[in-house]
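Two complexes come next, and they have one chain in common, chain A, joined by chain B in the first and chain C in the second.
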Partner chain A sequence: MKTLLIVDDEFEICDFLKTFFEEREYQVRTATSGQAALREIAESRPNVVLLDIQMPVMDGMAVLKKIKQDFPGVKVIMVTAVETREKIEEAIRLGADNYITKPLSLEYLEKDVQEKISHLTSPA
Partner chain B sequence: MNLFLKKRRRVVKKIMVGVCLFAAGSLASVLFAAAAARWKHASWGALPFAPVLIMTVVCLLVYKPLDLLFTRLFKDYFFKKKSYAHMTLMNFASDLALILDLGELANLVVNTFGEVLCLKTVALLVPNRVRNDYEIASAYGWSVSDAKRIRLREDSPLIGLIRSEGAHTLVRDRAVRTLAWQDANRLAHDFDSLRAGWLIPLFVKSEFVGAMAFSAARPEASFDEGDFHFFREFADATAKCVRNALFVSELKVANEELQDVQSHLLQSTKLAAIEQLATGLAHEIHNPLTIISGKAQVLLLQKDRNRLDQRIEEVLKTIVKQTKRAADITRKLLMFSQGSGAPKESLKLEQVLEDTIALVSYQTSLDGIEMTRKIVNAIPPVYANVHEMREVFLNLILNAVQSVGSKGKIHCEIHYQPQNQVIEILISDTGCGIPEDRLDKVFNPFYTTRSDGVGLGLFVTKQIVHRYGGSIRVESRPGQGSLFLVRLPREEVPASTVSAQKSFAWPLLKEEPLPREEPELGDF
Partner chain C sequence: MPIRTSDPKKKIDYQKALRDFAQSMVHLRRPERLLKMITRFLERDLALVHMSLLVHDDLRDRFIFANSRGSRKVPVGLVRIDLDNPLIAWFRDRKGAEKGRDFLRLASVRKELTSRKSDAVLMRLKKTMEHLNAELAIPGYYKRTLEALLLFGRKKNGRPFTASQINFFQVLAQDCSMAIKTAEYHENLVRRNQELNRKVAEVEELRRKERATFYEVMRSLAQEIYAKDPSTFGHISQVEKLGLMTAREMGLALDEHRRDILSASLILHDVGKIGVPDHILQKPGGLDEGEWQIMKEHVEKGAGILAHLSDFREAAGIVRAHHENFNGTGYPRGLKGVEIPIEARIVSVVDAFHAIISTRVYRPSQSVAFAFEELKRCSGTQFDPEVVEAFIRGLKKELRKAGDRFSMVDFMGKPSHTGAL
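Up next is the complex of A and B:
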C-alpha cells in the first residue's frame, strides 16, 4: 500500500488532495500543523510527505529538518506558495527531495509522488 | 642640420654685403670722378683703382652705424606688433577664468593662440583622471576628430620629460638631441603625434594640469627669449583656468555618478517594496487559488466517474486555466523584483533561444506558425541568469505568437557587434502589428490587448533588459508585423566567480512543474 501524508494548514487543500490520492489507491493521512505532522509520521511512517512551507507555529522547514533527522527514509516534497529562491535553496540543503509551487497541477504531482515511491520500493 | 643651415646663411649674407659694398664704393668713386672732372683735372688719374678703394673703405665705415640704425627702427616696429599680440593674448587669458566648461575653454585657447600667433597647429593636452592618461581637449589646425584619437600614457617619454623638466617650454629638436637614439625616437614620436615643434607645460604651482603643443607655419621659424618668457606667462594664466575647468568636469562626473547611484538605490528600494508586496500577495492569493484549481482538477481527473456534462467540463477547464493566470501575475511580479540577486553564469544565448523555441514549438506547430532563426557571427558567452534570459526570449516570442495568431512567420536573430561589444537580439513577426499611438504603452505594466492576457510579459522583459544595462525598442507597422530589438552590452565574466558560479546548481529548478509549460493545460 502506498502511503502519503499531506501537511498543510489550509484544511481545504488537505481535503482535495486526500480525495484525489485516495481515488488512486493511496492511503492518505492529513495534518494541519507541524506538530501534528511529526506525530503522524512517528505513528504511520508514510512513504511520502507533501509538506507546506508556510505554516504557523512550526513551519515546513523546521518539520523537514526534524523528519530528515529522525526518519531519513521518508521522502519529502515541499509545497510552496511562493517560489522564493532562498527558501528553495534552503529546503534542498536540508534534504528535501523536490519542491512544487502552488497552484498545484495534480497530474504532475501524482507523477512525482509515484516516482518517489518507486524509488523507495525498487531497490529493496 | 639646422645649425649648419643657419651658419651657411650667415656666411652668404656676409659675402653679399661685401659685394654690395664694393659695388657701392665703385659706383660712388666713378660718380665722384665724373663730377670732379668738370671742374678740375683729377690728380689720381694715374691710379684708377685708388678712388674705388677709398670709397669702399668709406662705405665700410658708414655701413655698421647705418645697419644698427635700421635694425633698431625695424625691431621697434616688429616688437610693437609682437607685443600687441602678446598683450591681446594676456588680456584674453585673464578673461578665460570665467569659462568653466573644459571643451569650450580648450576650443577658445587653441583657436585664439593659433590665430594671433599665426601658428600651424595648436593642441591642448589635458589629463583624463578616469583612464589615467592624457588626451587632446581641442585642436587648431588639424581635425578635432583626429586629435581626439591621440592619447599619451602617463609613462610616455614626453610626459616623463615634462615631469622632470618642470614648467619650461620644450623645443622638440633641442629635447630630442639630448637623448640617445632609441629614447630620442620615442620622444620624437610623442612630439609628432601631437604635431608639435614646441610644447608649453601647464603647471599650477607644482601640479601638472596639461600642456599646449604647437608648431609654426614655417618649419624654420624660431622663437626668442622674449617669446619664451611670454609663453610662460600665458601658460601660467591658462593653467589656472584649465585646472578650474578640470575640477568642474570632475565634479560633474562625480555628480552624475552620485545621481546614478541614487536612482539605482531608489529603484532597488522600489523593487524591494514590490517584492515584499508580491511575496505577501502570493502567499495570500495562491492558497485560495490552489483550493479552487485543485477542486476543479479533482472533478476533471475523477476516476470511474460518470461522464461529465460537456458544459461542466468546459467550465472546470476554464477555472483551472484562469486560476493559473491569476497566479502568474504574482509570479511575474516576483520574478522581476527578485531578479537583481539572481545567480549569474556564463551563458550561450543561442542555446537559450533554442530551448525557448523548443518550449513554444508545440504551440506554434498547432497554429501553423513558421519559426526561423539566424545566428550572425559567433556570439560570445554572456554573463547572466539563465531564467531571466529565458524569460526575455519567452516573452518576446510568446508576444509574437499571439500577435501572429495563426499562419504567419516569426524570425529570431542574434548578432554580435565586436566593435562596441553589443549583442543584438531581433524578434520579428508578420502579425497584426501595434498602432502607433500604442507603441509607447506596450512596455507598461498590466497593459494588454488580449482578453486573457496579464500584461506583464513585456514589462518584465524590459526590466530584465534594463537590469543588464541594455535597451529594448519596438518598431511596428499595423497589419504587417512588429520587430523587437534588444541590445545587451556584453558583460565580462568576472574571473574570480567563474568556478564558484558554475558549481552553483539548481538541480530541481530545471524540472520545474506546471506553471510555465503552457501546453499542459490543453490536456485537461
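Up next is the complex of A and C:
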C-alpha cells in the first residue's frame, strides 16, 4: 500500500488532496500542524510527505529538518506558495526531495508522488 | 419559460436570472463578489458536488481558480492549469470559432476514448477533468481569447445536464469573461494612472532638487560678487528677504515658480558686475562719463548671463530692467511705468534702499528713516509709488514686530565680508 501524509494548516487543502490521492489508491493521512505531522510520521511512517512551509508555531522547514534527521527514508515534497530562491535552496540543503509551488499542477504532483514511491518500491 | 431543475419543487427562471446577471456584471468594476455569487448560485440550485470558475492569470499566463464551491471543491490557490494542459488547449485552439456553442462533457471524452484508446491527448483530457471533478466544462471568450472556464461537477442526483442548462451556462460564461475583462481594463487604467502620477511627482521632485541646488550655487556666486564691492553691507540674502516681503505686502499672487524667479532676480540683479573692471567697481568718489557707461553695462551683462540658464531665463528680463525708472528716465531702454516688470520695480526700490543704508564709499551710512525719506522723494519719478508704499509699510511692520531692541543691523544681518561688527 502506498502511504502518504499531507501537511497543511489549511484544512480544505488537506481534504482536497486526501480525496484526490485516495481515489488514486493511496492510503492518506493528514496533519494541520508541524507537531501533529511529526507525531503522524513517528506512528505511521508514510512513504511520502507533502509538506507546507508557512504554518503557525512550527513551520515546514523545521519539520523537514526533523524528518530528515529522525526518518531519513521518508520522502518529503515541499508544497508551498513560498517561491523565493533562498527558501528553495534552504529546503534542498535540508534534504527536501522536491519543491513544488502553489498553485500547482495536479498532473505533475501525481506524477512526482508516484515517482517517489516507485523509487522506494523498485528492487533496483 | 421556467425550466425544471433537478429538484422538481424548485424552478429557475433562466431568462430572468440571465438578464439580471448580465446587466449587473458588465458594469461592475470589481466583479469578484458577483462571480462568487454565480458559482454559489449554480452549485446550490443545481445541487452539484462541485462548481468552479477558472480565470486566466495574465501575469503568469496560466489559469487559476477564482472560486470553487461544493463538497468536491478545489481550494482556491492550490491548483493551476497550464496553457499546455489539454483542457485549456481544447478550447484555446478553437479560439471561440464556435462562440457560445462550445462545451465539453467528461462523458463524451470517455466515450470517444473507447474508440481511440491510445489517444494521448484524450487520455490527458480525461485525466484532467477527473482531477478537477469536472463533468462539464464551459468556456468563456473575450474577443476570441479564452478568459474563463466554468467547471461543473456532477449533479448529486446523478442526472445529466440538459441542453437548455448548458445553453444558459454558455451565456453566463461569456458574461463572466466580459465582466473580468472590464474590471481588468479598469484596474489597469487606475494602475497606469497611479504610475504616471508617481513618475510625474518623481520628476517634479528631481527638478525641484536640481533647482534648489542650482539656486544655492547661484546664491554663493552672487555673494562672491557682492563681497567684491567693498561698500556693500550685510548679506545678499537680506536683499532677497526685503524684496519678497514687498511682494507679499503688495498682495502679489506669485506661484512657487514666479517666487523663485523673483528671488533669483533679487539675488542676482548685480551679477553683471562680474564683467565690470575692479578699478571702476571699487573707485572711491564719482565715476567719469566713460566709466559710468561701462558701469551701466552691468544690467545687460547680467541679463546675458541669466538668459543661458533655463531655470532662470525669466529673471534675465527683470535683471535687465532693474535700473529703469518709473518715469522712463532709466537705463538701458527707458521703459516707463507698467512696461517695467513689477519684479524689476521691486528690485529697484530694494536695491536703492540697500544702497542708502549701506556704508558706501561715496556716502556715509544713513539711517532707515532717512532712507524712507529718500524713497518717498523719488516715488513716482524713479520708483513705482505703489512699491515704495508697500516697502515702507512692510518694513515698518517688521521693525515693530521685532520691538525696540531691534536694529537695522539685526534685520540686515552682519556684513559677511568684514567679519563681526
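Just so we're on the same page, the second predicted complex is superposed on the first by the 122 of 124 C-alpha atoms of A that agree within 3 Å, B and C clash if a C-alpha of one lies under 4 Å from a C-alpha of the other, contacts with A are read in each partner's own complex, and residues count from 1 in each chain.
We adopt the following convention: a residue touches a chain if its C-beta (ideal position, glycine included) is under 8 Å from a C-beta of that chain, and two chains touch if they have at least 3 such contacts.
Quantities reported herein were computed from a predicted structural model and do not represent experimental measurements.
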item: Overlay on chain A: chain C relative to chain B, clash or fit; value: clash
item: Partner chain(s) touched by A:I92 [first = chain B, second = chain C, both, neither]; value: first
item: First (chain B), second (chain C), both or neither touched by A:E107; value: both
item: Touched partner set for A:A81, first chain B, second chain C, both or neither; value: both
item: Partner chain(s) touched by A:Q54 [first = chain B, second = chain C, both, neither]; value: first
item: Chain C versus chain B, contacts on chain A by residue; value: B
item: Which superposed partner A:A42 touches (first chain B, second chain C, both, neither); value: neither
item: Which superposed partner A:F20 touches (first chain B, second chain C, both, neither); value: both
item: Region of chain B that runs into chain C when the structures are aligned on their shared chain, from 152-160, 170-178, 314-322 or 494-502; value: 314-322
item: Intersection of chain A interface sets (partners chain B, chain C); value: 10, 12-13, 16-17, 19-20, 81, 102-107
item: Chain C residues touching chain A - in the complex, by the definition given at the top; value: 64-65, 72-75, 77-82, 85, 124, 127-128, 131-132
item: Complex interface listing, chain A residues touching chain B; value: 10, 12-13, 16-17, 19-20, 23-24, 54, 81-85, 88, 92, 98-109, 112
item: Touch list for chain B against partner chain A, complex; value: 279, 282-283, 286-287, 289-295, 297-298, 301-303, 323-324, 327, 330-331, 334, 338, 341-342, 507-509, 511, 513-515, 520, 523
item: Touching residues on chain A, where the partner in the complex is chain C; value: 10, 12-13, 16-17, 19-20, 81, 102-107, 110
